[in-house]
Amino acid sequence: MATLSIKGVRKSFGSVEVLHNIDLELEDGGFLVLLGPSGCGKSTLLSIIAGLEPSSGGDVVIGERTVNDIHPKDRNIAMVFQSYALYPTMSVRRNIGFGLEMRRVDTSSREDAIGRAADLLQISHLLDRKPGQLSGGQRQRVAMGRAIVRNPDLFLFDEPLSNLDAKLRVEMRTEIKRLHDRLGTSVVYVTHDQVEAMTLGTKVAVMKGGVIQQLADPQTIYEQPANMFVAGFIGSPTMNFLNGTLENQDGKLVLHHGEETLELSGVAKGASAYVGKKVVAGIRPETFSKGAGPSALTGIVDVVEPTGPDTMVVLDVGGQMISARLGSRERPHPGEPMTLSVDTTALNLFDPETGDRI
Amino acid sequence: MVEFEKVTRIGRVKYWEDEAMNKNFNRRSVLKIGAGLMAATALTPSLAFGQTANINYWHTFTSQSEFAGLEEVMKLFKAAHPDIVVTQENIPNPDFMAKITAAVLADSRPNVTMVSSERFADLLAMGALTDMTERLANWDKRSDFDDSRFDSITKDGKIYGLPAFSFVDWMYYRKDWFEEAGIAPPTTYAEMRDAAIAITDPSKGRYGFGLRGGPGGQNYINNVMEAFGSPVQQGDQIGLDRDKAIEGIAWFSGLLTQDKVVPPSAPNDGFRQVIEGFQTGQTGMIWHHTGSFQDIASKLEPGVEFGTLAMPAGPAARVARLAYAYNSITKDENADASWEWIKFWGEPDAAIAFLDKTGYFPASNSASADPRIADNPLYKPAAETLVFGRPQPSFPGLAGWLESVVLPAFQRALIGEATPEQAVDEMIDGLNQAIG
Amino acid sequence: MAVARSRSKLVLDIGSYVVLIFLAFICIAPIVWTFLTSIKLEEDIVTRNMIYIPTRITFEHYVNLWNQSGYPVLVVNSLITTSVTVLICMLTGTIAAYSFSRFHFRGRTQLMLAYLIVRMFPAVLMIVPLFIVMRQVGLLDSSIGLAIAYTSFLLPLFVWMLKGFFDAAPKELESAARIDGTTRLGAMFRIVIPIARNGLLATAVFVGIAAWNEYLFALMLTTSQGSRTWPVGLQLMVGEFQLPWGMLAAGGIISILPVIVLFAFVQRAMVAGITAGAVKG
Amino acid sequence: MTSNPQSIMASSRPLSTWDRINPARYIGELSETRFWMYLLLLPSALLIMGVVIYPTLYGFQLSFREMRLNRPDLGTDWVLLKHYQRMLSDQIFWISLRNTAVWVTAAVTIEFSVGLIAALALNRNLPGTKVLAVFILLPFFLPNVVAGHMWALMLDPRLGVINDLLVKVGLLGGYKAWFADPSTAMAAAIIVEAWHSFPFFTLLLLAGLKGIPTDLYKAADIDGAGSISQLRLITLPMLKTVIAAAVILRVIGLVNSPDLLLILTSGGPGRSTQVLSLYAFQTAYKDFNFGYAGALSVIMFILLMMFAWVYVRLSKVNQD
């Protein structure tokens, strides 16, 4: 149980800088998700927190300790790897207890701890097997058992679910959440899956190109993405970006996109500075509803995808494809015109030059 | 007695040093040490193993009969000198110079080394040999050896070895085939060629002459050139008479290329193949020395199936080598024990025992006069050869030149890759490199 | 289509058998012939009528060889030299292979290439300077000295082969171990080396057999029976003169026996090592 | 704290006295430093320095010196490029060079081809082929010396079984002296060499083949690629690194070690099987001319370096 703070951490391989001046804070018992596409530096950052890679600068503080020069083994952390990294030559029991063995915990308390961890993860019946004899989900549980048995200050998860099939992934996700709730240990969790990030994290750091794009709670990240990258990365289907010009029409801000005009209300205050300039409007698919209104778009239905609970509609609005999530009962036909109104309170405007939210 | 004690102590120290340095613990030597110990203990219990001296003997024996001869000599020596343990190591001729060079460079030489006369100059030049002049002068059996026996091991008046036995060149021929064909044994190269032509019968797989064109053949090539009037060394003069050498090479290689009286395998035939060819009835004549007599007699009946002849005469000279295998001290340590071993080879008992097993002629006069030799008709050609035989040439670089220039050049002539002229020119070039 | 493919597969299968049986025959025929020769009487070998299957069998060649060659001593020497070679390779080569496999440091590729090509200078001439080095450190004409000389060409081979086996063990295992409380050293010895043990074994035996068979260095760097190895002993015995063919053949058979035993042993380890990728689970 | 489920998990024990003095602990500490990777390389690098680099440098300087053991009168002075100049006009050197090229090219080609065929056939994992694999790999594990003598016996012009078989089959009119005829001596030696060493390729290629994902072949099957195309488009490219390493190792071995030829032919008949390594060996240990042998070795070294460089470039395997 500890806080984690990362201050100005940098990392470069040769002349390539993969992490630029990273700052992060995680409260005690928090669940931090590092989210980003592959190559964004999230795994490198995790390795630096773990001490597996030396940083090129900056400080990592776990609890009260600055751990820059402390070996991984002495940082009192535990880690779960994408490939689980179970020791193939050892039994499950020994795999789980290995960390304790290395710390010279006597056999009986070790056995106790292993037993409790196994019970918690429902893998008691697997203890005498070798990792090679386990299924993917079982291996995953063993890997978690190995982490929790140690009672660490900090859990590190490196894409722990990405090797599982879809169903198992959802199950294990819930499991992890339950474990976190129960143990209350701080967690740093690396993933490229935004659903995992949204469901698990108390705090999400979206990374790209070695820079944290936004660090906030999941709700904020979703509703007020710091920039177009974050906005586009989070949410599925992805956010629609509508290019247009901001104008002041009769005291109201409106967005012109081709022949369409969207009346904006409740948009960020800074927006007025952009009057007369080009902006990008980010509209989440679920903020559309059928029917005309002050802020509405009309286009030709291109594709209709019923998913069960929702119907996804792709609309051609003046050459730009817009996807919308509509109720399951909506069944437009491709080729016919359709008008959708937009809930502009959930709309974000971005500066097309910098990509930042206005 | 005091003196003796000292020697004993030195002997003991040396023994342990040797042991530590050489780790000469093969099973045989361990057994020998054991046997020596027991003998020593039985005779003089108070002097247990302090007396034992270990000496290492390098030689180039490898044939079965030679081995048997060596074993016999060692057995006799052990009986005579229980205090000296001889460890023999066979270093075959092709590896001999490489090994001894390495040993000299690394200063891990044997105590005693067998030195053949054509290697003397090289070994002396690299500092492998010890001056034995004084020991020989004080030896009571020195008079048993003609002075000429030491010619090939003497440099600037210093003598570096004692002859152990002689290499007397001669030839073997299939007596039965010659009688069948009604031809007389040859005495000249020309007669030899005619005889070879006469007995060659490819349909029976019979060839007249087993020419040694492979390893070891270089000495015979040199002999032929000398027999045609082109000796490589005359006093201080080293060089070939081009024209005469060409004649010699043309005649010798012609036996294969023109006359086809030699098995086609000749360019790769070494001692083994030549002897096997003769033993299995493929060839009718071969050149060698007396040392292979017992080997051949083990397969063919002496005096009936095969006979012995002195080497035939060439147009310019009758060349048969009288060479000696010398034993030389090559290490200062245990030199006294080494000298005992070397002396022992010069004694008639050892020499005759060795002759019995192998056919190698003794080097000492008293042994040669032994009736076991003098009265055996098959040894008569060897006795004749003692009269006209001549020593090997000797100068630094000779062995290398013979082996790595003369032999391949001659092989090229044999396989028709070079004319005799080209082969001889190669030899001359190589000779200039070797002595330049 | 499917029929055509299964037919072509059948053709390939049959072809494979034919090729393998043919090659296997070619490979063992000389060994079988050598064995047959070794149990023939000498006069049945040196004869103008080839005898294929010996009608008279003798083991005297083996007896003679045993008595004449000092085989036990030579084999013990060979064993010592081979073991020391393997030991040196294991001690220094394992960690080097580990380093090459696990770390990406500056100059790594060049250094690895250097390990591979150091052997390019002809052994023939390295012998003399090696002699001098060995003499200076007092290891000349000793099994240890010879073993050290062997490492000059076997160590790079060892490192390269073993690196491949280490590469097959996932790097995350060490990270896990280090977080679990080991140092890098501990992770190497407790986790990675045990995983690569089949590869280590295969590599060690490979190197061991090469050391067992080596000839040139052994010929030149040993001067006494105290450290002479078996192949040299055999070759010296053969020499220029005639070791009877029967004895020579017996020597060949005797000298390959230990190799065959080891080989049978390594065969399985090697296959296991080759498929080491399977440990990734 | 005690109410948390984790608090009943075990806690670690403090360091004992033994832990404090345990040397493994210090090495362990060392292993966490950033020069650990170099420390791991140090022992082997030192060893290689001692047994390879130093002798090599020594050999280089030897090639610029006069050094003839049997001619102490000539001294051991520096002679600059004398040996190299001599080489230019040395017929034997040029013959040896040509023979080396033939010897290496032919041997590697045969060994690689046969090795590849054997590896491909073995990789099909047909029932019963495991035993055949043992037989096929066996020759490589025999000592050179033994392999040489086995074949010397079988190829012997008088007692050799191969002659007898060929005559009986009718391929040969009479016994042939393989090593006495320049047109067959090299070929025979190459065959013996190939017999002895092709399993080296089989072994390495087999290991390489096991590493190719089978999915690739399935995909190729579906795409309709035949066996030959699969070999050309999948197998060989995937084996590139293995092939390159194996070929380089083998070429080094073939160029540098004279063992087999020393036993079979000693370079004869004539110079027809004389190769550079054998020539250098003979120059050093038969003629005792270490300076010239050094120069020959340096040339061999340079040729090998050039070969490796060009080869690595051409096969584009230098990227790790």
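Every chain is named by a letter (A, B, C and D) in the order it is written, and numbering of its residues begins at 1.
To be clear about the criterion, a contact is a pair of C-beta atoms (placed from the backbone, for glycine too) under 8 Å apart; a residue touches a chain by one contact, two chains touch by 3 or more.
Protein names from UniProt, one per chain: A = Sn-glycerol-3-phosphate ABC transporter ATP-binding protein UgpC; B = Sugar ABC transporter substrate-binding protein; C = Carbohydrate ABC transporter permease; D = Sugar ABC transporter permease.
Since we're looking at a predicted model, the values are computed, not measured.
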Highest-count interface - the chain pair sharing the most C-beta contacts: C-D
Furthest chain, CA centroid comparison against subunit B: A
Centre-of-Cα separation between subunit B and subunit A, whole angstrom: 90
Inter-centroid spacing, subunit D versus subunit B (mean Cα positions, whole Å): 39
Centroid spacing, where centroids are CA-atom means, of subunit A and subunit C in whole angstrom: 54
Chain centre separation (subunit C, subunit D; CA means) in Å: 12
Per-residue overlap in subunit D, given as positions that touch at least 2 other chains: 32, 158-159, 281, 284
Residues within subunit C bordering two or more other chains: 46-48, 128, 132, 182-183, 186, 235, 238
Contacts with two or more other chains, residues of subunit A listed in rising order: 71, 103, 150
Sites on subunit B touched by subunit C in the complex: 22-29, 56, 60-64, 66-67, 87, 89-95, 98-99, 102-103, 105-110, 205, 215-216, 270-272, 275-276, 279-282, 295, 299
Residues of subunit A touching subunit C in the complex: 47, 50-52, 71-73, 75, 77-79, 81-83, 85-89, 98-99, 102-103, 131-132, 139, 146, 150, 156
Residue numbers on subunit C that touch subunit B, as the complex places them: 43, 46-48, 68, 70, 72-74, 127-128, 131-132, 134-135, 140-142, 219-221, 223-227, 235-244
Contact set on subunit B toward subunit D in their complex: 94, 97-98, 101-102, 104-105, 121-122, 125-127, 205, 213-215, 263-269, 273, 276-277, 280, 282, 396-397, 399-401, 403-404, 407-409, 411-412, 414-415, 417-418, 426, 434
Of subunit C, residues touching subunit D in the complex: 5, 8, 12-13, 15-17, 19-21, 23-24, 26-28, 30-31, 33-34, 37, 45-48, 50, 52, 88, 91-93, 95-96, 98-100, 102-103, 105, 109, 111, 113, 115-126, 128-130, 132-133, 148-149, 151-152, 155-157, 159-160, 164, 182-186, 188, 209, 212-213, 215-216, 230-232, 234-235, 238, 245, 248-249, 251-252, 255-256, 259-260, 262-264, 267, 270, 274-275, 277
